[in-house]
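Please find the structures below.
Two complexes are shown next, each including subunit A; its partner changes from subunit B in the first to subunit C in the second.
Showing the complex of A and B:
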């Protein structure tokens, strides 16, 4: 790839658009901007710009397009696949200052906002008004722009779906600086290809999001969680399809193992409500009345007990609920803290194969003599499996990681699964995408990329 | 029109097509039989085009061979489902091959554990739900034409309607597709996965692409538990303003989300009743809402319909009839489903529109429509999916107008309508698609850059522009 190297004239241009305060070069760029939450992939951008408006983004893109300079959009950098790392240097567009709520439309139940608003700010804003933005990925300090670009999933996907299901409209800046509106406040649309859906999940490679219209729901009035201990993980996971089949629709179905809970207790310095069993299912139910929820969870509690659950703990107070879910939210950090380095596999498989797949990955621990931990969204087939480096030397680690991933991804593929359920492909998972899509499939992705970005200047080196 | 030059389908190519699918499944040279495939359900003769051959394949492999041949020979190919479309999507406007999918009509797998069903594109939509009933599962994305249309056509149009207010339209239920691309490759997109961020989302790109990006040969649909109980409320209002005005309130005030909220104005109901020889008391009524509530809990449903009924009264309904058994429900829905057909019989000179606006802007849009109709002196039976902000307006030519007058006034009327729609943040089509019928109005609502982008995306799939050309946009 032959990109123009950033020169002082380019910096001058950026300063002319944004002023000196918001343009950073060299040592002035914080080291954090060279990587995301995934270890191992890092590169500093040549210049980092904090943009504040669509017009600025458009002017910069037009300039970058004309001059063939790579541009990497960046939210909070909490991604897990290196998608927001400037692999070819150039300009990093930091979207975090575009963080305003623009309009709450209570008649259409939509929220219009800028991409840098944080997920936690959204939930606070809407819940104060008795409204609800359902997607609930673990990392609450991520930006909505990042969430949309990774089509983030999260804890409530079983009942409510993922970020895509709540994106009604987008304003985007194309790689050549053109500003476009995609979708809108309409709830259905058969007027041309859904370009909006192309952008959702495109990991900053097709366009830059400068505004989003989100769909909201009325806030469910009651929530209850069930923590259900099982003597062993397989038994817990085998129960999940039975729950789904019973047609009760929980908000969340998560599975966890004892090791992970212990790690979280140590990490948080707080006790989990129970840590005596080998495995747990964590379920949430929500709704508008107590009776409605009780009816649903009683059925499910019985299914679990019939399938070998040791007990059913009901947490119906706000505090207990929060205690359990904050522990769940810390799993990733906790596992990370328990080792020297790790990498993640975020495969998704058909729901009925979750049990089989988890069993398979556990066997890999012995086969490759390496520590593997997992937890995940059992209710939607999306697993987070972590391979831990511990004391391995660099070369052994790289080799083992490669070998383990190779078998994991190819087994997922055999089961009808895919490389990523919610964290994306970014930079780190590209080799596995190649394997799973085949040559024609990858070429199709590349053709689409070129249709949006003929010069390949927007976040190059990612996805395909 | 399209700048691309296509080749003529020669007898040699026809023979090759016969080799691929078998003699019995190619129609060639028989004008009468070809004529059947020259139109869809748009009334009148304006949006027609004769195919040079109709081919009825039975597998993805056959379709792949046909596409390779067509791509090589530069012959346009138009996929066709049941031909129930209302935007001319299945009409071969540049001639060439019509690829009719009626033989690929198998339900391949009802996967109860994953709550999914895998079907071929030629399955009649309603048959899916018939087959699912014994498993107490349900496909919720179906349109009103469910008894005739094919699921493949639904996916291609992103159809919706039946229960879209609560359950959403087709796109929400399509998880996986097997697609034969314009160059003849067979690709698997998505799968039996409820979430998937592996590469760009080509499944959602395919949904609503009107047969211009590829041919669906297998479809994985997500299912929901069958809502076993349903109650319908027929709410009578004095005028349209009150009826449509009640819709946004219904949804936001009660916190209850009905499965559907259908709107019908008086002319529409009258037309359908006369056509069906049916009687409901519409004389005093300016407009009606047909509100459908469903669920798996009968008691809760009863509470809900009480609440919704009350709310309708508070917002101006002077009468609310409750239909809580299937036969009365069916009578009401039959009226709703037959409005379109009634007006087809009544006049061939008409234009069926499918505008969609943000739900809360529906009153403004309908008021605007009525103003425009009055000014031009035409009648506009209006009906449709009010809960989604999607209304079907039939612009009906007055019997005394000459063809010339109609042909010259209609574009002006539509121009005005779409300008209103654009100003309200709406779109030209909520569910019927653009096809060849509405493409000339696209630029009223979207920017030229957007249309260029559509073209660029098409090119990524279809380098020789052979796949259903002349639809959505000019090439």
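Showing the complex of A and C:
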């Protein structure tokens, strides 16, 4: 791809739009902007601009379009597949300063906000007002713009669905600078192709989100979590389909292994309420009365005991929730801290195959003689499997990682799974998406990309 | 060994409002829970039970619905539970509360060890534990952060003082109050819930005590006169330091050591 190299005239233009304080070049750009959370993919942008309004984004996109300069939008950079890395250099648009709540519409139960608002700020803002934004990805310091761009799922997907289900409308800036309103505050919408839904999960390749209208729910008044120890992981995971079949609807069904819990304990310097068993399921129930929740969880508790659970521990207060969920929230960081480098596989398989898939990855550990750790959303079939480099040399690591991933992704596909459940494709998972979609499918994606971005200047080299 | 753990039912959230006219906590519609510090006390007792043959009794003073936290103590591993419930106990200050608890505890003989949480999250006085020990005339150690040794004769603990940590050994029977760093409390067990469903909770009233003088209980037995109750101002004290990386690192190290987060 032939893009215009950034020259001083381009910097002058950006400064004319944003002022000198918000335009960074060369060494003034923090090294963090060259990679994301996982760090496997890296490249510095030529210039990084902190934008504060739709008008600025539009002016910059129009300029970039006219001058054929690649533009990469970026939030907090907590992604795991390199989607927010400027693979072709050019302009990076840092959206983090567009972080204002614009309107809470209590008549329509919607929240309008800018893309740089953090997930943890949203939950605090709405929960103080007895409202609820259900998507609950583990990384609470991610921006809502990033969450929409990856269609993040999170722990409550079992009951409430994923980010897409809560995006009512978007304001976006197209690659040529045109500002579009997609969707809106309406509950139903059958008016042509759903462009809003194409933007959700597009990883910054189709348009830049400058405003979002989120759907809210009333806040459930009570929450109870169950931490359920099992003598072995297979037994734990085989219990999940029975829970789903029982028609009880937990908000979350997570699985975790002892090794990961121990890593989190060491990382946080804090004990988990129990670490004596090999494997655990973590379930959450919510509702509006204690009686309602107790009825739901007791049925499930019996199913677990009948399936071989060693006990069912009940978490029913803020302190107890905090002891469990602070560890759960630290799993990724803890695993990362336990090794030199890692890469992850975020496949999603039909829920009844979760057990089989986890068992399969465990066998890969021995077959390829490499450490593999996993945890994940057993209730929705989305797994987070981490392959750890430890002391392997660069070449062996690359080779083994490649081999393990090939086998894992192709097995997921055989089971009817998909490449990514919630982290996206970005740059790192492109080959696997390519394999799984086939030529016709990939061409369809590429043609959609071209329809939105004919000059291929917006976050080029990503997804397809 | 016999251990008694004192527990209390407190509001389920830390954001309880105070009625400005009456100065009383607005408890209506708010869930209650076991005082979080008491969980550390209960956990300490149950860990001892896992080492020695021990009988753990949970005792609380409160209205009949406080049975809920005794049931929860059963779900964590307590063997017996007692509620001290009587209209004549109403309006007790810390002294009357401690006296009432001491009467309840001593009724079947003073246990080898009494464990209390350091304080409650609603009253926050941290006085009831030591006062119980004074009424029972037994030694006590407050703010225990570690039990070093326990025999049938004595207990040796680390006591967390503001600037120092003292190692203290006292003869049994004794009372200790425990701080939050002593352990990570276990979660209530559904299996124990099923197993303890039919287990009774003993109820005692003033009529069951050796001292039946009503003047020693409730409002009558409370020398404290409450003039006003108000929520403490939220503590958002903070300091901002400036300096070179080395200076700041050194200063941070000093502070963390001083606050005992780090050991030199």
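We adopt the following convention: the second predicted complex is superposed on the first by the 464 of 464 C-alpha atoms of A that agree within 3 Å, B and C clash if a C-alpha of one lies under 4 Å from a C-alpha of the other, contacts with A are read in each partner's own complex, and residues count from 1 in each chain.
In this section, a residue touches a chain if its C-beta (ideal position, glycine included) is under 8 Å from a C-beta of that chain, and two chains touch if they have at least 3 such contacts.
Note that the structure is a prediction, hence the values are computed from the model and not measured.
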item	value
Clash or fit (per the criteria above) of subunit B with subunit C on subunit A	fit
First (subunit B), second (subunit C), both or neither touched by A:153	first
Subunit A: partner with more touched residues, subunit B or subunit C	B
Touched partner set for A:272, first subunit B, second subunit C, both or neither	second
First (subunit B), second (subunit C), both or neither touched by A:195	first
First, second, both or neither for A:120, with subunit B first and subunit C second	neither
Which of subunit B and subunit C A:108 touches, first, second, both or neither	first
From subunit A, separation angle of subunit B and subunit C (C-alpha centres, steps of 10 degrees)	110
Least C-alpha distance (whole Å) that remains between subunit C and subunit B when both complexes are overlaid	17
Contact footprint of subunit A on subunit B as seen in their complex	111-115, 136, 157-160, 164, 168-169, 171-172, 181, 185, 187, 191-202, 204-205, 207-209, 213, 225, 248, 251-252, 255, 296-297, 300, 354, 356-361, 388-390, 425-434, 438, 442, 445-447, 449-451, 453-454, 456-457, 459-461, 472-473
Contact footprint of subunit C on subunit A as seen in their complex	222, 226-227, 270-274, 290, 298, 301, 305, 311-320, 323
Interfacial residue positions of subunit A with respect to subunit B in the complex	105-110, 150-151, 153, 157, 162, 164-165, 174, 178, 180-182, 184-195, 197-198, 200-202, 206, 218, 241, 244-245, 247, 249, 288, 292, 295, 348-352, 377, 380-382, 416-425, 433, 436-437, 440-441, 444-445, 447-452, 463-464
Residues of subunit C touching subunit A in the complex	12-14, 31, 33-34, 36, 39, 75, 183-191, 193
